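This structure is in structure tokens; I'll ask about it shortly.
Going in written order, the chains are labelled A, B, C, D, E and F, and every chain counts its residues from 1.
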């Protein structure tokens, strides 16, 4: 059985993340969505909110598994015996960042296999960072979220 | 069973191609190496030489299958029922080219799944194009070829 | 009255060109589509075919004017008293190329004003060059052409 | 009458901004300089100082109008019935950022027309951000400001 | 006698810095390593720790001289009569940043000569910034430091 | 004595080349301008014309030496005992190309030292390739050539 890991902060989950997970499901038997919990970062949504968001977004799909991790992704993967690291790549800057990380990760975990999933034209410009900016400037981010969590995220945002 | 396709001109096969195929073998059950036979291009090595090169490079591995194709890669994949397209991506320009192709391919074959495999630091600068330039300027390309085809390629080059 | 020039080889006209012209029409009073006739290039479509293609694509719009030019675009513009040069920019490589040209053009014609029109997500990957490759590999390019010239271009391609 | 909007933080106004406005004036009938007032940002110059800076830089030109806006630029433009958004683009990173914004803006305001004005070689490396760094390291930024506000900005900086 | 300056924050010194200094020593008679002391930044290592790190990394080489500077590098160079500014360039983003700085520096100090030293494949992905992130996520950065300061840096990190 | 090599096709010599050589002269004792004579290329100017052009451009400077080479630059450098390879870098694409070459060259000649000289704002957009295009479209290239060869090149062009 092939298991891949798709890690991120998911602050919030976007349609772009959703598309990557769908591709993962057609490539591998199981997808672990690894929600990063970096002490140093101050996300808009709490760890619990982000985990719940991911669970709701992929609810009913028993080949999707949600886990959290702290520290280095490669340490999390090594400890769990995961070897396939899937990265969504939306643009040249994503590509450059991911490739630098890939080189460090390969040094630290030589058995790691890293693959990039390119974004289709409808999600290539959607990033969690941009959605947070859009939200903080008073914009409506609903169209960029997976359809089945739109209401849930709206509810969370009311209390921010 | 998951089968992926890794297509190219392989003019010649390089250590970079070899690394991509190794990663494919750890991700999927079978790898089809699809050797492109574009009428418009004039490769340094003939179609038969390139097919033999690929076969020799991965000889003994029964999960690697070599096929040729003419015309569009997506047409070849559709006709054979292949759905996973693996692309080696060595640098920003590869990334940009592949992503443009990915968008066209997705229009023409919506079921296609495309993934990129980043090059490690030892093969990120190796391209068939650069090796042909190096060769034509009198340089030695042996170090950039898979070890088990070095002698075979040297033999072919003697007659060019 | 403000007149802008949108120049290119239009080999063939694409939906991307069509989108740029539409934006031009909302910005300025008149758009001159300048079809380049470079002796050095060997286009897929003849000069007359390309001119007819542009005319048919924008037929009925009396604010669109079609002209041909040979040699440098800035010389053509100077001779006709045109001062606004509109360039469609689809990606980073277009941007870099156009900016180099902009610097040369500004040296040669200081009164020139150059503006870039970014491509929307549905046409950012469409280029005449890619369409010619797609065609020569046996692909169908119809979806990437302005709707009202699809049949006309198909007819021309039958005789290529 | 065609009105375009040129928005920014103008912290401070630079020769690059001045060049963009000059090009706008040759393209359109009126230029609205929209000074952004983002609660989240802490600019070096106050909102009032930045508005005064812009007014002084283009004083005497009755085709230049200065307004402020908070929140999303597209909301400001919609509310005022403005449809032409002019962006100065100095380099590849500007291009990439603006194109991401263009895609979001087009989703939110389909009637918006966005154009980019490339920077000439003398202002392509001038950004407000770089000038603030230069100033904070003890450098003299005068040469990068519009000539008629050099003294005014020097006066403001004395009190920072 | 030709003296070059290699400036940075060195927070911490990396194998990449070490490689640049080695190249400098084969090009010029003397290398001044200029350790930046920006009041605005909060480095992981103190100024004294960074100076000591640089000294230890190049100990025994009397053609390497360590100095500190505050404010603009060009002011430091002018005051000391230094004219050759060496910059390590690891990737496209370094290149773009350094070239913007080069244009400002040339305006402020026309006699300045700036050269870039490209990173070899083993250090092109090593940056102080990445090492600090790696460290803060619990990773081991030893392999990316000059060998003769590995223990010294480990000792410093114990107290962070 | 430090000798550096500045190699190229010089088809034709430009103000950009002139600026690189001037910087070389302030960095090193001697500059070898190595004029490439690739059998595969068909330059606008003959080998003899290009050599004469370089000689005339730097006439009277006895620290500039002109040589020709065929085949690989690193072979030429090794044979002559040259170790410092200077490359002019005008933009991101130059940077990427040169860095790929640097990696190959380092494999083939580990003692080689490669440095890049960034172009100033007045020559960053000047390339021999662009000048040949400009010329073939009927443009005047004089302003982009070193002043003391303008007439000489004009004379050569009359016979092309």
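Please note the rule applied: a residue touches a chain if its C-beta (ideal position, glycine included) is under 8 Å from a C-beta of that chain, and two chains touch if they have at least 3 such contacts.
Because the structure is a prediction, the values reported are computed rather than measured.
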| item | value |
| --- | --- |
| Chain separated most widely from chain F, comparing mean CA positions | A |
| A-C or A-D - the one linked by more C-beta pairs in contact | A-D |
| Interface composition of copies chain B and chain C: same or different, split at half | different |
| Chain centre separation (chain A, chain B; CA means) in Å | 30 |
| Inter-centroid spacing, chain F versus chain C (mean Cα positions, whole Å) | 35 |
| Rounded Å distance, chain B centre to chain D centre (Cα mean) | 48 |
| Residue list for chain A, restricted to those that touch at least two other chains | 92, 96, 99, 103, 121, 125 |
| Interchain pairs in contact, sorted by label | A-B, A-C, A-D, A-E, B-C, B-E, B-F, C-D, C-F, D-E, D-F, E-F |
| Complex interface listing, chain B residues touching chain F | 91-93, 125, 130, 134, 136-140, 143 |
| Complex contacts: residues of chain B adjacent to chain C | 38, 40, 71-72, 75, 96, 99-100, 103-104, 107-108 |
| Residues of chain A defined as touching chain B within the complex | 2, 23, 26-28, 83-84, 89, 92, 95-96, 98-99, 102-103, 106, 113-118, 120-121 |
| Chain F residues within the chain D interface of the complex | 92, 121-122, 124-125 |
